[in-house]
Each structure stands twice: as structure tokens, then as C-alpha cells.
Amino acid sequence: MAVRAAVAGASGYAGGELLRLLLAHPEVEIGALTGNSNAGQRLGALQPHLLPLAGRVLQETTPEVLDGHDVVFLALPHGQSAAVAERLGPDVLVIDMGADFRLTDAAAWEKFYGSPHAGTWPYGLPELPGARAALEGSKRVAVPGCYPTAVSLALYPAYTAGLARPEAVIVAASGTSGAGKAPKPHLLGSEVMGSMSPYGVGGGHRHTPEITQNLSAAAGDPVSVSFTPTLAPMPRGILATCTAAAQEGVTGESLRAAYDKAYADEPFVHLLPEGQWPATASVYGSNAVQVQVAYDAAAGRIIAISAIDNLTKGTAGGAVQSMNIALGLDESTGLTTIGVAP
Amino acid sequence: MAVRAAVAGASGYAGGELLRLLLAHPEVEIGALTGNSNAGQRLGALQPHLLPLAGRVLQETTPEVLDGHDVVFLALPHGQSAAVAERLGPDVLVIDMGADFRLTDAAAWEKFYGSPHAGTWPYGLPELPGARAALEGSKRVAVPGCYPTAVSLALYPAYTAGLARPEAVIVAASGTSGAGKAPKPHLLGSEVMGSMSPYGVGGGHRHTPEITQNLSAAAGDPVSVSFTPTLAPMPRGILATCTAAAQEGVTGESLRAAYDKAYADEPFVHLLPEGQWPATASVYGSNAVQVQVAYDAAAGRIIAISAIDNLTKGTAGGAVQSMNIALGLDESTGLTTIGVAP
Amino acid sequence: MAVRAAVAGASGYAGGELLRLLLAHPEVEIGALTGNSNAGQRLGALQPHLLPLAGRVLQETTPEVLDGHDVVFLALPHGQSAAVAERLGPDVLVIDMGADFRLTDAAAWEKFYGSPHAGTWPYGLPELPGARAALEGSKRVAVPGCYPTAVSLALYPAYTAGLARPEAVIVAASGTSGAGKAPKPHLLGSEVMGSMSPYGVGGGHRHTPEITQNLSAAAGDPVSVSFTPTLAPMPRGILATCTAAAQEGVTGESLRAAYDKAYADEPFVHLLPEGQWPATASVYGSNAVQVQVAYDAAAGRIIAISAIDNLTKGTAGGAVQSMNIALGLDESTGLTTIGVAP
Amino acid sequence: MAVRAAVAGASGYAGGELLRLLLAHPEVEIGALTGNSNAGQRLGALQPHLLPLAGRVLQETTPEVLDGHDVVFLALPHGQSAAVAERLGPDVLVIDMGADFRLTDAAAWEKFYGSPHAGTWPYGLPELPGARAALEGSKRVAVPGCYPTAVSLALYPAYTAGLARPEAVIVAASGTSGAGKAPKPHLLGSEVMGSMSPYGVGGGHRHTPEITQNLSAAAGDPVSVSFTPTLAPMPRGILATCTAAAQEGVTGESLRAAYDKAYADEPFVHLLPEGQWPATASVYGSNAVQVQVAYDAAAGRIIAISAIDNLTKGTAGGAVQSMNIALGLDESTGLTTIGVAP
């Protein structure tokens, strides 16, 4: 019996990627699709790559339209999910692809988002310790941010194994789809092609508290995080270069052992052979995560690098993976580890 | 019972794309993988996006290695397929992704390739009139070139319907993967990013006789073809802009009716709604073809434009589609019409 | 004594490129800079690449602000230049980088632009026959469109030499800066990277009548033009692939002789050696035009291809070149034929 | 009286960029141009963007050919400059764009380059304390590496002002031209477009000791450096994201004051207004450096970010700037701070 899924926010990049994945999911039947300013338009005009849905027309995002589905995915601007979610019954699986329910610390939410904290839902990064158990059977899921996904999977094994000191320095490059589909001058093709530029520098990016939350949980102690995101001239992908000062006695071998152990049974995280480094092209359109780690003895630092597709594992793929767990399906259903390359 | 498939030339772009598709094909089991200069290497180092095959090691391309499979795909440099094919038994389905068996005119082959003509196999562009019947049950298939695929699907309905005069002017832009993986200075990222350039100008490109063959067959008369390929700063995709002088009395309506009729039941060809034009991004990684056609009354010309992914529908997807037909499987098995966008 | 120049529309791409060139022009002193919605802002925030002008503040586009300069460049939306120009005195050199005064045929203007025709000014493509004489000493200049610049320089020698029949088929690829700086969804980096797409198909592009005007003048008879522009994933550059049926008796030699003769003394047009083809990367940021021509005997067509930088030779460089001529300066002053590559 | 300059290695990216700049230098006359495997070829075929030199033919790199010039630029593979330089007289200004004479520490050279240390020449990064004095009148100049240029200009003021602790964590993204023009599979356009990937991770990149040398000199004490370079999908540009733990009492104001003081009179380094961050597009093709700095109080770290063009300020522009100083010309002669954007 098919799982009926509705998607609120189907005209954006997150919604479009989600639909791409749901169309390939053998257990899902796509129900209502909604948009706000785009309600009434054909999906074929808005998402021309989704040929099988070209004739579908977007509806308005209302509780009535979203009602009666088994799963409702919310791909809405931050701050809008809570109001929609509370109108959906407790038996509906609600998967929020926005930021509203990710943070456990209300003060951090209010500082970075400037609005009241809506609460905390089970966190949809199954690879983190304890995350799968919280997701199984849950009716509410907060999908992680794209940067926190890439960074947490790069660094958490070093923290759980006690190998890294509690200060991390992270520089990540993201494709432009991470900035969304609303047209802004600095996101024009003419501006981004041929250009690398930072933004949200100095701790100002909203993903900073989420990264801090995940690494601190892994370390069992507060981790200080310096996080600089940069915009790269490509549509998709995140390359996260993460470093942390090493604890005494760390070696390349102890690091590798920790990462081997953490990821031996993970279906989507691929610890690369020694000497091979992640590339975003290799995970294009896939739910895979490439990870590599090294110890720089001269600098005394651990260097852990991950590559993900920000729209797939970083957003919509993570959402489907969490849905599978919440519904008791095989975690990999409808997802692939094969990138579209070159 | 699974179809066992071998791939000769698994380290190149065509071979890699084929493996990406075969991994998702529910009826196929991947057998021997061969390469020449790369024999002995791990596929994980050569095709890092194919995670499930990362541990496979390339073998040499010999009849012994390729023997014992139900299907053998040849992704070899032109001129090498005949020698391999004749060593494989008549019961093996041999699918040549190179040029060797595409042309019916031996003189054209010799003029453009400078070697003796190896013969002509059933042509793997099922959408052309009569092509499916020739493919059903066949043990030999010649997969079309990427440009001929894009151009033929853009223009053939105008010729079969008698709407176009027998002279076509075609300018096509291709992503760089069409030029292959052998490193050459003009294909360096530094050279191609930010640059459009033509090549094989003046009828010199080897796909010219294949385009001529297809359009002439559709027209029932020789068609004169002016074909200019250009290299575009993107990894994948072909946009083919094809024009032909219109016969007397052609209208936008008669054109549209001809294309509607040609493509009404085609699973992979999508005639776009009026006013919407193809974009290569929409078919990225998919087997879909976007087509649109218009009549320019002032110039008296038909303008037909198609977008394909040169590696998927233009090469490996076309090969899988033909394999499905030859084996009696559903034609769409393992293939998608959904692009990876943005 | 310096020429004082004002720029109306200094925040857009055409205005920015013009300022880049004027800053390097030894005879020009940059005067008033105006914008509309951006009036009051620092140029450093709007055009961060123009470091020497970072502290300049945009004024409103009014006759009072533009008054008192030797030259006024108008980089305004079409339809706005006439009103500004008539408020400037007859002794001021007014150079319109918009479309308003390019067309000689009022009916064509009204059909393509939907507003009353403002008139016709001397046409700023000095390489065309007779153009320099009309520009010398003129106080009004209409700078050509970017596509007409590329196409006219590729094809006009074939027409003036009587080698081409009066029907031309043109497909041109442009970088995204040609579409301007106003943010629109289809111009987002996420949309354009990795994608080729056509627009204005079937004769609908507003540059079509201008191309027709130029080629017809060269031929001495009306030329029918099929023109298809495409958007390419690069910030700058136009590659124009232009073909025309050849007159009887045309040979590769007669073609080459015609082009040699046309361009022997042109400072900015470079007819490439036989066998070498234009690439937009080679003219990046320069006022150079690369041209090559060939005769395709099998198709009976002339293939002429040009590459320009749409913002330089295609807009701002053409404007400066015309200014130099109008003011009696050396035509090449402040301009370069050296591209920024790779 | 013109300065006659020879360029050894004129067919590569560094040599090509140098020629682009020298062509615009009012005091320089371009003399011999040499290449090795490309000797005998027309520059027009190798560097088609350098139209004024299209007819020049490359000679072999021999002392005889290079003799008799005022300046000889060496753009050779590392390890080859010493042998050439010693054959040129002591009165010739020799400017080495390779690595051979950059390092003061012979052991570091041998560890990273695996060959005997050739010596140390005055270091061509005039903005560093004391560098100009060493360059004035010198007959030998070692041009810095591209990454060390970007990183040193981002961080050195924090060290000279005593604001940063002696451990720096640096992640830099470079355009592909930094990897040179020799064709390698991983540098193909098909591979690099759409992809970010790291290399030389864990301190292995050869620019690490040069960065360490510069920062340690600024700090007056050894600085530990963690340096991770990444390859970005663009032809040119380096964005260097540099962080260091702050000393006690550092504030945003004290940082800004230090950078203001360091760069107040520098013609090429532009400290951006607060809130504006560097972008590589803004310095495309220019000798400018954009720098911004901030204090992340939560993480206790200084974040300094710079953008340069790796081929201009990072290589050939730095070489010309140093030549100007060595010869007693105005330091900015022939160089621009204006980028080619968009």
C-alpha cells in the first residue's frame, strides 16, 4: 500500500529535489503539491526537469490541501512550519525541511532567527549516535541543514572517539542552489560564474549553532566552532574542509580506525581509501557522502573533509532517508549512492 | 533471471555512464569490466562516482574475458569493435557504442574514418520509423552518435510529414564530455570554462554523414546537411538548433500536428508546450529528449530544437533502451525521464 | 585637454564595462555617474571590480546632472534615450548604448519594440562600409546591439563581395551578461550553469531587424534572416555561427580573398589563419573580433564564425571606438585587442 | 629608452599572462620568447588571446637566446631556473616566477621539492615589511607563489600587530589555471566543472613552507600553519580564508586599525569597507588584492579573507610589480587595479 506524500513548497529547489526522489521511490505516491506565489501554475513551467509531473498544478499551502496524506514534507521559509504542522494531525508524519525544529537551545534559535523558538523534533541525520532510535516511529522529523550535514559527518567520529580538541575551524564551499531560487543580484549566473566569495563570515551564518550543537553532542562538551561558508561557481555540492586541534597521542592510524568504525555499516557514508579525497562531482545527485581524514603532524591538526550534494543528502535525500526510518521502510529505499558524473 | 552484461571500455565517459545506468537496471547483473591502458586498476579510482563498484578491478579487453555474458557493450575507440564482435558468438547481444556499424554507405564511412567499412547493424534510435522492428530480437545493435540522436529527433518529423525542404542547417552545442576523457590541452577546464568554440566546421565532423543518412531516410530523398558543432562550457548536454526551409503551405499548426503525432506515444521524447523551449539542464542525467518546433514565417524556415544529455540518451541511455527492446524487456526499464536539476 | 564623460546607467553591466574602459582611456576624465533605483549608492558596492571609483556615489539621471560634459553615454532601458538626448545640447556628443536609434525602418522598430520610432543616428560599427565617414564629427551615435555586431562582422564581407545568397541562417550563443543585471529566475547561476537554452526563437529576438538591416545593406538587396540566440553558461562572450547559401562559383579561395580584403586594415578584426577557429575565451575583455570563414562544398554553404566579448566590442568597446572616431582621436585609443585568458 | 624583456616559458599560463601584461607596459619591449616542447610554433596557435604577438615564433630556452636583454623572466618548471640564471650575467635582471629561490630554509626546500636548494633571492611581495627595500636595485627576484601571496596579504598585518597567535588555519580555493597547462585527466573541463575538491591535504602542498616562512617572519616567531588548498570550478582566482586564534584583548576595532595602517598606502591592496567581503570575480585579470578581516568573538578567532587573481597578482602581475621596483620605475606602471567583471 503506497505512502501518500504531500509537498508544501514544491516550486523551490528543495521541493523540486524532493519530488525528483519521490518519483523514484517505489513506496510513495505523490499527492498534493503546493506553492504560495506560484499556486495555480503548472509544475512543468516551474520544474521542467520533472517530466512525469509536468501537468500537475500547484495548489495553495493550506491545512485542507495538505490533509489526508500519510506524509507531509514542508519546504517552507523558516518560521512558517510550526503553524502548518500544528494544523496537521498527530498521526501524520510531518518532515520539516526548514530550520524551525532543529535547535535544542531556544536562546540560540532566537539569537540567529529573531523569532520565538517553535520546539525541537527528532533530528534527521541518522548517522549521528542515537539518531536512528529517535527517528523510528516518530511522527515529526527536523531535516538538518546542508552545511551541518556535511560538517557533522566529517568531524563527529573524531569527537566521539575523543581524538579532537573542542575547537573546530571549518571552511565550506557550497553550490549556488543552497541559496535558493528567489532571484537576487548576487546570485545571477553572471555574478557567480568564475567567482568564489564568502558570506556570513565571523560566525554569522545560521547553520553555526546547529553545527555547534552536533559537534558538542559528539564531544560531550561544548565545542567552539569557527565556520566560514563560501559560494562556489557550481549549481550543487558542498565541500566541507574541517579541522580541529588533535588531542595528545593522535596518529593517522587512530584517526582512520575511528572513522572506519563509525562508518563501516553506514549505507550512505563512504570513507575513501587512503590518499583519495572527496569531490563534489562524485556525489552529484546522490545521497552519498564521501569522507576522508588525515592527521597533519606538523600543524598538530586533524583534517576531515566531506563532500555531499547539498540538495540530496543535504536536504531532500536526508528527508527521504529519515522518512524511510520513521515509517519502518528499508533506510535506502528510493535513494542511490551513485553520482551523476562527469 | 538476470541478464549478465559485460562492458568493454569501462574507464571512459561512455562506459561510466553505462555502468551508472546498469546499476539501476533491475534485470541486469554487471559482469566483466575491461579497459586497456587502465586494466588492473580499481574502478573506484577511475570512476569515483560509482560507489557500488568501487572495489571492482578492470580486466583486459579480450574475447576470453568478454565471453559468457548475455550482453556485451563495446565502448571502444572507432575501428576496434568489429574485431572484438566477431570473436563473440552469434547468440550474444553485442551493442556497439562506437561508430563502426552506424553507416549504411561504405563510401561515406571510408571518407570520414579512413578505414574499411565493417558493416551495418540495426540502428539504436528506436524513435525513428521502422527502427524498433529492426531492433526486436536483434543480436547486434549500433548505438547512434550523440549529435545524430539530438538532430534526428529534432527534425525527422518535419521530413516524414513532408514539411521541410531537403536542405538543413544545424548548429549544435555540446558539453565537453562528448570529447572524451583522454586529456588534451584544449579540453582543460581552464580552456573550456567561459568559452564557446566551434570545431569540425564545414562538414568535417564525423557525425555529418550519420545525420545526413537519418534525415534522408525520413525525407525519402537526399537531404543536404550543413552541420556545425560547438563546444560549450558544461560537462554534459547537447542543444541542437536545427532549421530547414519550409515547403509551401507550412504553418505553425501543421508543424505542431506533425510533431504531436510523431511523439504522442514516445516514452522519452517530450514535445514541450508551445512557448516553452528546451534546456539541457532539464534532461541532465536522464534519457529524456525535449523538443520544440516553430515556423518562422518571415524567414520561411522551420526551427526545431532539441535538448538531450549526450552521455545518457545520446550514448549510454540509448544503448540501454535498445538493449531492452532487443531482449524483449519493457523499453523504459532502468531509465528515467527525470533530469537532475538545477 | 581631457574629454569629460558622463555615464547614465552606471550600475548595470553595460555601464560598468564602459567605466572599466574609460578608466583606461588616456584622454577621458570621468564625470557624472547616474543610476535610477541605485541613485545615492556607492559604486564600490555596485561595481566592486572598479576599485578606483569605489567611493563615487551615483546621482539621479537628470538633464541637470548630465549637462556640462563633452560626451554623455546612455546605458538606459530601451525607449528612454530619446527623452534624455533631446535635453542635451547639440554640441554634446551623445552615445546611445541602447536600441533606440539603431533602426532605419520605423515600422520594424514599432513591430519589435511596440513604441514610436525615435529616429536614426549614425551607426557605431565602424567596420561596416561607409560607417566611419558617418561617425566622424558626428554628435550622435547609436551603438549596435551585441548580436548584430558579431553577426555583421562575420557575414558582411561575403555579401559585399557578392558571394552569398540573400538568406542567412544564424545561431549565436551568448554569455549571460547580455541579459543584464536585473535578477530573474532563469538567469540565476543555479539555472544557467550546466545549461544551454534558446530564446526568442523564430525571429522574435529584437536584434533580428538590426541584423537584417546590416546584411541587406551589405548585399544591396533584402536578405532573409533566420536568427536563433542561445544562452550559454558563461558570463561573457558571443559565438556567432552564420551560414548562407553560396552563389555559383564560390570557392574557399574567393571567400578568403574577400575576407582578407575586408579586414586587412581593421585594427580590431582578426581573420584567423586557415584551420584555426574563433573562441570567445580569446577575446575576453578585449575589443577584438576573431573571424573565420569556410566553404562547405557538400552543403553549398558559406560558414562564417565570429567571436566577440558581448560587453566590450559588443557594447562598451564599440561605444568607445565610435567616440574616438567622432572626436577625431585615434580609433584604438584606450582599447585593447588582447584577451584575458585562460 | 625601452626595457627589453625576454620570457622563458612563453607557452604556459604564467608566461601568457606575463606577456599580456608586458604588452600593456609602456616601458617594455618584448624580446625573445622561448618554450621547450613548443619551440618552433607560432604564439598565435598557443596563446590565441595575444593577438599582437600572434606571428611570433617560440625559440628554444638557451642562454644564447636569452642573452642581451635587460630583463629575463623565467616561467619554468621548478628546479630549472638556477641553471639558466647562472648563465645570464650579473647585470641582467632575472625574475624567477618558479619556486627555486623563494625559501630561506634549505631543509624545507629539500623536504618539499626533493632536490638541492639553489639559494634565496629577494622576495617579490613588496607589501611585506622590508620587501621593497630588498627589491630596489636588485638583479634577482623570486616571485612568490600564488597561495602564499593571497595568504600572506590576508594575515600578515594581524601578526605584525601582535594580534594573532602563532597557529593559523587556512583553506584556499584556486581556479584551475593554477594547476598549469599540461593536460591531466583530473584537470579536464568535464571533471572540474561542477566540482570542488581538495588536494595536497595535511600539509603536503609545496606552498606550505613558503606560507609558514612569511607568517613566521611577520610574527617574529614560528607560526604553525594548517593549509588546505582546494580546486574550484573557475579558470582564475584565489579566495583564501585564513583564521588564527586571537591574542587576549583583540577587538574588531583593533584588527581593523592594524589592517588600515598596513594597507593605507598600498596601491594594490584594497581593504574593503566593513561588511563587504572579497570575491575573486572583482579582481579578475587585475593586480588588485581585496582583503577583509573580522573578529569572531564566539570562536575567539580572527578571520581574514583575501581574493586575488592567481595569474596576475599571484604570478605575472607580482613579477611586473617587482620588476618595476627593481628598475626604479613607478611600482604601478603597466598594472591595473580594475577587474574584468562580470
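Observations, loosely collected:
Which chain is which? They are A, B, C and D, in the order written, and residues in each are numbered from 1.
In the analysis below, contacts are C-beta pairs under 8 Å (C-beta built on N, C-alpha and C of every residue); 3 or more make two chains touch, one makes a residue touch a chain.
For each chain, UniProt lists the protein as follows: A, B, C, D = N-acetyl-gamma-glutamyl-phosphate reductase.
No experiment lies behind these values; they were computed from the predicted model shown.
Chains that touch both subunit A and subunit B are the following: C, D. Listing every chain that touches subunit C and subunit D alike gives A, B. For subunit A, the chain with the farthest CA centroid is C. Shared residue numbers account for over half of those found at the interface formed by subunit A and subunit D, and the copies are therefore classed as meeting with the same residues.
For the pair subunit A and subunit D, the distance between C-alpha centroids works out to 37 Å. Measuring from the averaged C-alpha position of subunit B to that of subunit D gives a distance of 45 Å. Residue positions 13, 175, 177, 181, 188, 190-191, 193-194, 233-236, 279, 281-282, 284, 342 of subunit B each touch two or more of the other chains. Within the complex formed with subunit A, the residues of subunit C that make contact are 13, 175-177, 179, 181, 183-185, 187-194, 233-235.
Taken in their complex, subunit B has these residues touching subunit A: 13, 16, 20, 23-24, 44-45, 47-52, 54, 177, 181, 193-194, 235-236, 270, 272-273, 276, 279, 281-286, 288, 290, 336-342. Across the interface of their complex, subunit A is touched by residues 167, 169, 171, 173, 175, 188, 190-191, 193-199, 201-203, 224-226, 228, 230, 232-237, 239, 241, 243, 277-282, 284, 292, 294-301, 303, 305, 307, 342 of subunit D.
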